[in-house]
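Order of writing sets the chain letters: A, B, C and D. Residues in each chain are counted from 1.
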Amino acid sequence: MSGTWGERLELSIFGESHGKGIGIVINGMPVGYEIDYDYIRKDMKRRAPGKNKLSTPREEKDLFDILSGVFEDKISGAPIAAIIMNTNTKSKDYSNIQFNMRPGHGDYPGFIKYKGFNDYRGGGHFSGRITAPLVFAGSLAKQILKSKGINISAHISSIGDIEDENFDKLNLNESLVEKLRDKEFPVLDDKKGREMQEKILKAKEEGNSIGGTVEVMISGTPVGLGNPFFDSVESKISSIVFSVPAVKGIEFGAGFSITEMNGKEANDEYHLEGEDIRTKTNNNGGITGGISNGMPIIFKVAIKPTSSISIKQNTINIKDMKETELEVHGRHDPCIVHRAVPVLESVAAIAILDLMLLEGEF
Amino acid sequence: MSGTWGERLELSIFGESHGKGIGIVINGMPVGYEIDYDYIRKDMKRRAPGKNKLSTPREEKDLFDILSGVFEDKISGAPIAAIIMNTNTKSKDYSNIQFNMRPGHGDYPGFIKYKGFNDYRGGGHFSGRITAPLVFAGSLAKQILKSKGINISAHISSIGDIEDENFDKLNLNESLVEKLRDKEFPVLDDKKGREMQEKILKAKEEGNSIGGTVEVMISGTPVGLGNPFFDSVESKISSIVFSVPAVKGIEFGAGFSITEMNGKEANDEYHLEGEDIRTKTNNNGGITGGISNGMPIIFKVAIKPTSSISIKQNTINIKDMKETELEVHGRHDPCIVHRAVPVLESVAAIAILDLMLLEGEF
Amino acid sequence: MSGTWGERLELSIFGESHGKGIGIVINGMPVGYEIDYDYIRKDMKRRAPGKNKLSTPREEKDLFDILSGVFEDKISGAPIAAIIMNTNTKSKDYSNIQFNMRPGHGDYPGFIKYKGFNDYRGGGHFSGRITAPLVFAGSLAKQILKSKGINISAHISSIGDIEDENFDKLNLNESLVEKLRDKEFPVLDDKKGREMQEKILKAKEEGNSIGGTVEVMISGTPVGLGNPFFDSVESKISSIVFSVPAVKGIEFGAGFSITEMNGKEANDEYHLEGEDIRTKTNNNGGITGGISNGMPIIFKVAIKPTSSISIKQNTINIKDMKETELEVHGRHDPCIVHRAVPVLESVAAIAILDLMLLEGEF
Amino acid sequence: MSGTWGERLELSIFGESHGKGIGIVINGMPVGYEIDYDYIRKDMKRRAPGKNKLSTPREEKDLFDILSGVFEDKISGAPIAAIIMNTNTKSKDYSNIQFNMRPGHGDYPGFIKYKGFNDYRGGGHFSGRITAPLVFAGSLAKQILKSKGINISAHISSIGDIEDENFDKLNLNESLVEKLRDKEFPVLDDKKGREMQEKILKAKEEGNSIGGTVEVMISGTPVGLGNPFFDSVESKISSIVFSVPAVKGIEFGAGFSITEMNGKEANDEYHLEGEDIRTKTNNNGGITGGISNGMPIIFKVAIKPTSSISIKQNTINIKDMKETELEVHGRHDPCIVHRAVPVLESVAAIAILDLMLLEGEF
C-alpha cells in the first residue's frame, strides 16, 4: 500500500502538495495519554519551511486540526485523524513540468505507474510536504515513549563532506535531547554547523543543492523488541525510514565500518553495571539477532541532495517522447537534511512504539 | 511476526539449528511455472557450508523435500511447502553456552524475549542456517523472474578493507550473472578475491572472524514498482535484507557517497536510447520517488564479522547474573560474506517478485 | 486494527458521532476513473437519516469534501481522503449515559477497552454514523465495478416477521438495480413494504425498535475470485459485513436452509448457456470451494433491532458499580434496516473490488 | 493469501489431499507452555475419518510431527511447524474427474483460477483433509486458553431437520465440555443424536449426503476483545469460520431470530452478580459493538451437505466444453457435520487467542 504502515500502530497518510489538504489517520495509539499540543507544534515547526534562507520560501504554517480520536485532550482509543489544509500553493510555478520529467524525482516512474493521472503540481503525493503528518504522528509517539523513559534524538551528521561529531553510542543525555530540539540547525558541534550552513548557501547561490547524513539515537528501549529474521528491529526501522523521500542508505551501529573490524572488535562484550547488563561498545547499535539488547538503538541515514535544482538539466518530454532541457524556477530547498531531522526522529518513534505495542508494553 | 514476510508473495520460514528440520511455506507463487530443481540445488549449494576451509566444517547437504504446491513439476497454486531435515547436529558443542551469552549474538535479547524457553543449541531459530529455506524460495523466484527478462546477481564487494570492483551500474550482462553463479568465491576481480580469501584464512587461524560487503544488482525490472512513502522499493528490499542475520547496513545506488555529491551530479538525467527512456548515470540505483524507474536496481549491504569466534571474550552468565569469560569451540565460519551472496540474491528476488505481483504482473 | 480493512484496497475510517468530523482514507483505488459525484451523493442520501419519520430526526447532510487522491475529477493514484464535518450534534441528549451502560450497545465493553477515555457522546466511534464514509468508499467502488459489468443491489428482505420476496438467484436485472436504488424503502414487493413501514412506526410509537434482514446480490463477477481456506470470498465479505454495526448473522446462497437439503439438491449442477458455464440453481450463492464460480454472489444479513430505545431498561452504572434504570430520550431510529441497505451494498462493493484487485483485474 | 491467517497468531497451512504431506506453520504462540500431546491427538482423532460408518473409509492416522518451535516439550518462541505425511492415498479413485467438474466443489473455479495446474486428485488443496493442521493449531490454542480460564465447546446442533437442544447461553459447564469431547457423536440430547445418525446412514445408502449446523460456545473471555467496525469479534471469528470448507452461514447469539425480536427483548440488560457485570439474556452472543462483553461468545454455523455424492449428476467437461454426466465412486463422507465439530472448536480457539494476543494478554 502506498499510504499505510504498521502492525499495531497503523498509519495512513494522504495528501498532495497542491491539493486541498494533507493528513494522517492513526490507529492503535495507547489510550488515555494527554496530548501536549505545543510539543507537537514545535516539532512541526522544526520541519516546516520558510523559517530562514536555508529552506524554500514557501511558507506553510502546518496548523493541524484533529478531527477525531482525542476527547477532552486525551487519546480516546478511536482512530486519530489530523488534517493540515494547504494554504500557500502557487501552482503556476510547476505548470511547465507536467510532461518534462525532472531528473531525480518521482515524476517519470509516477507518470508510468499512475498512467498520467497523478497530480503533477509540486510533486503531488511525492512531495516532501507529506512528511508533515508523519511528524504529527511521530511527535505524539515521542511524547508517549518519553513517559516510558524512552528518548529519541537526531542531529545533522554531515552536509556534503563536512562532518559533525557522533553521538556517544553508550548514553543519550536528556538535556542534549532538549538542546538539539531547540536548535534551528541541530548539530553537536556548532562550529561545524556554521560551515555546513555556508555550504548550503553556496549551493543555493549556484541553483544547486547538497545532501548529508543524519544520526538518530533512541535510548531506554526495553530488551526484547523485534524478531529474528522478518520483523527485525532493523527491518522495521528501515522500512519506515526509506519511506522518507530522498533517503538512500541506512546503517545501524558501526554500520558499513563494522565490515572493516574483526569479530573480536565488532562483538560488543557484555558486562554488569550494577544490576544492568550492558555492553562496553555499541557497534551493533543496540540490536543483536534482530532484537533490541537494551543498549541505545543508533542508526545513520544518507539523504541525497534535493532533486529540485534551478540549473539547466537534460531530460525527456514524456508526451512527445523527445529529449529536452529543463529549467525549474520554483521555490526550492537547497538542502533538506536539517528539515529531515525531526522527520527521522518521528519515524524512529513510530517504529519503536509499534515494536513496543507488539510486545504488549501498553 | 517473526517468521512471515510479504504481501502477495508470502513466506513463512521455520526451524531451529538443532531441531528436527527447517523449512518454508510460500503462498502466492505464480502458477504453471515448471521448476528447475537443479537450478535450486545449485543455489542452495552456493550457500551451504562445508565445501572448503573458508566455512564451518559442519556439512549440511540441504536436501529439500517439497511436500505440497508442486504438481507434475509445475507450481500448482496451492501453498508451496519445502522442508530440509537437519542431519549433522552436534549439540554438545553448544552446551556450555546455555547461560553464557555470546557477544554479538541474539542469545541475550532472545533469552529475555523468549523467557529462557528458546532452543539455545547452535543459535536455535537465530541460526544463519535458517537462510537455507530463503534460498529455496529466492532461487525459485529468480527462475520465474528470469522468464520475464529480470536478472539478479551479486558479488562480494569487500572483505575487511579489500575491495572488489563495482558492477557497471547501467548494465548487467547475462553471461556475467552465470559466471558469478559458477564461482565458488564470487568476485569480479579474482586477484582481489585471492587476497580476500587469505584475509579470511588469517582470521580463521586467529580464531577470529571478518566481515565485508555484498553488491546486488537487478536488471530488467519494469518502471512503476513500489510506492511513494510506505512500501517504497527501498522499504521493501531493506525490510527483507535486514532479515538476513549479520546485515548492519544497506545503501541504494551511490548510497552514502551520494551525500557528498551536489544535486546536479546526483540527479540521473534522462535521455532516449532508441525508444527506451534511460538515465546516463545511476546514482539513485534504479529507484526515484520510491518507485522503480526502469534502470537496474542496485544496492550494497554491510555484513558484520561472524559473531561466533573462538577467542576468549568477556560476557555475563544470565542465570547467575555474574560476569564471566567465554570460549566457544564449536565449528565456526570465519566469514559468512561469500555464503551470504546467494542469500542476498534470493531476498532481492523475493522482494522484486512481490512487487511485481502487487502490480498484477503475473 | 479498529479502523483499517483490506489488502489491495485499503480503508481507514475515523470519526466519532459528536467529534469534529468523520471520514475515510482509501488506498489502492484504480487510477483514472472519473468520479460521478452525484452518484455518490445519492447513495449517501439513501443512508442519511432525517428524511422521513422512519429514521432519527437528526438531520445530517453528509456533505463530503475530498482532500486528496482526486485530480481533475479523476482518481489520481494518491490515497483518497474524504471528510464529512459533523454539524448537527446535540451533545446534551447523551450526557446522562456517560456511566449508565446502555444495553445492547458497545458502551460497557468500550468503557473497559478504552479505560473510560472514549468519547461516550452519541456512541462515539461506535456510532452507526461512521458508516457514512463506508458508503462514500463503496459508492465509488460500485461505479468502478459497474464499468467492468459488475452490478450490486440490495433490498430489505424482512422487517420483524414480515418478509419480502427474494431476488432471482440466477439473474440480476440492471433495471431492477436502478429501481431499488430509487426507492425510499427498497423492497421488491411494495405491498409488503407498506406493512413493514407500519411495523416500524408502531415500534416507534412504543419507544421500541425492530430489526430485519437485507439480501445483497452481486452479478457479473469473474470466475476465480477468492481462495480456498483463508480469504475465501465468504471470509472476505463476512469480515467487512460484520464491521457494520448491528449485524448478527450472514448466510450465503441458500444459507442455513441448505442444511435441510441433501447433496443432490444442494449441489448446483453445471450446464452450458451458449459458451457460458452456469449452474441451474444457485444454492451456493456463487461461491464454491471459497472461490467465485461466475454465478451471482448472494448473501443475506441479519440486523438486530436498534439498541437505542426510549423504554425504561435495567442496567448498571459503571462508576458506582450499582444497578440502575435507564431511560434514553435522544433522537433514535426505530429501525435501521432500510438505512443499512446502501451500507451493505457498499461493503459488498468494497470486498469485491479488493478481491478483483488481488487478481490483478485492473 | 490462500494459506495465511491472523495478526498476532499467524497461521500458514499447506498441503494437498494426495500430495506428500500437509501441515501448518504457526507464529506467535505464547512461549513456555508445555504441550499436552495426548490432548492434541484426541482432538485430531475426533476429526479423523475412518472411525465408523458415518465417515469415509479412507483411514488417515493424522500423526503429526513437530519440526520446530517446541523445545523440551515447551513452546520455544520460534515458529511452530507441524507436518502430517499423507499415507493412504488412492489416486486412481479420482482420475476420472480431472476435467469433469464436480458440482458443489471447488473444481471449476479452481481450474480457472489455477489455469488447470492445480492438483485435482482428491480435491487437492480444497480437500477437507487440510483442516487437520487447523485442529493441531486449535487444539494447542485451546490448551493455552484453558490455562486462562477460557473453555471452548461445540456440538452438532442439527442434521437435516433434526435438531439438538441449544447450549445454555449464560453458562458453559466445564464437565459438559469434557463430556462432549468424549462423545463420538457430540450432541446434547443423545436420543436426537441417534435419529441424526440414522438420517446420515440413510443418505449414505442412497449415495447422497446431508448437512447440518454446529453450535460453538466460548466461556471465560475477558471484556474488551475486538474492535468496533473492522476487526469486530464477529469479523474475526467469521473470517476464519468461513475458511472451513462447506460452511455457508454463521450467526451470533440469537442470530437470524433476533430480527424477529423488538429492541426491548433483544437488548441484553445488565445486572450485577456479586461483583461481576453480566446480562440476563445473551441474544448478542457475548458481543456488543463488535467487542466482547464478558458473557459467553456463542455462534452457530451452517454446513452444507457434502458435495461428493455417488448419485449421477449433470455437469460439464471443462476440456471439451461439453455437457456430461458424472458418477463419482470414491470414498465419501455422507455427512461431515460431526467431523466439523472439533474443527470449529479449533478455529474459534485460534480466533480468540489472536484477539487475546492483540490485547497483550500474554
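The rule is short, and it goes like this: a residue touches a chain if its C-beta (ideal position, glycine included) is under 8 Å from a C-beta of that chain, and two chains touch if they have at least 3 such contacts.
These numbers come from a predicted model, not from an experiment.
Set side by side, the interfaces B-D and B-C show unequal numbers of C-beta pairs in contact, with more at B-D. In terms of their C-alpha centroids, the spacing between subunit A and subunit B amounts to 27 Å.
In this assembly, the C-alpha centroid of subunit B lies 39 Å from the C-alpha centroid of subunit D.
If you average the Cα atoms of subunit B and of subunit C, the two centres end up 46 Å apart. Multi-chain contact residues of subunit C, defined as those touching 2 or more other chains: 1-4, 13, 110, 113, 125.
Interchain contacts join each chain to each other chain, per the touch definition above.
Subunit B meets subunit D in the complex at residues 1-4, 8, 10, 12-16, 19-23, 25, 27-28, 31-32, 65-69, 71, 74-81, 83, 110, 113-115, 117-119, 124-125. Of all residues in subunit A, those touching subunit D in their complex are 7-8, 357-362. Residue ranges of subunit B in contact with subunit A, taken from their complex: 1-5, 11, 13, 101-110, 112-113, 125-126, 130, 158, 160-161, 203, 206, 208-213, 223-224, 227-232, 234-236, 238-240, 242-243, 245, 247-256, 258-272, 275, 277, 279, 283-285, 288-294, 302-309, 311, 313-316, 318, 321-323.
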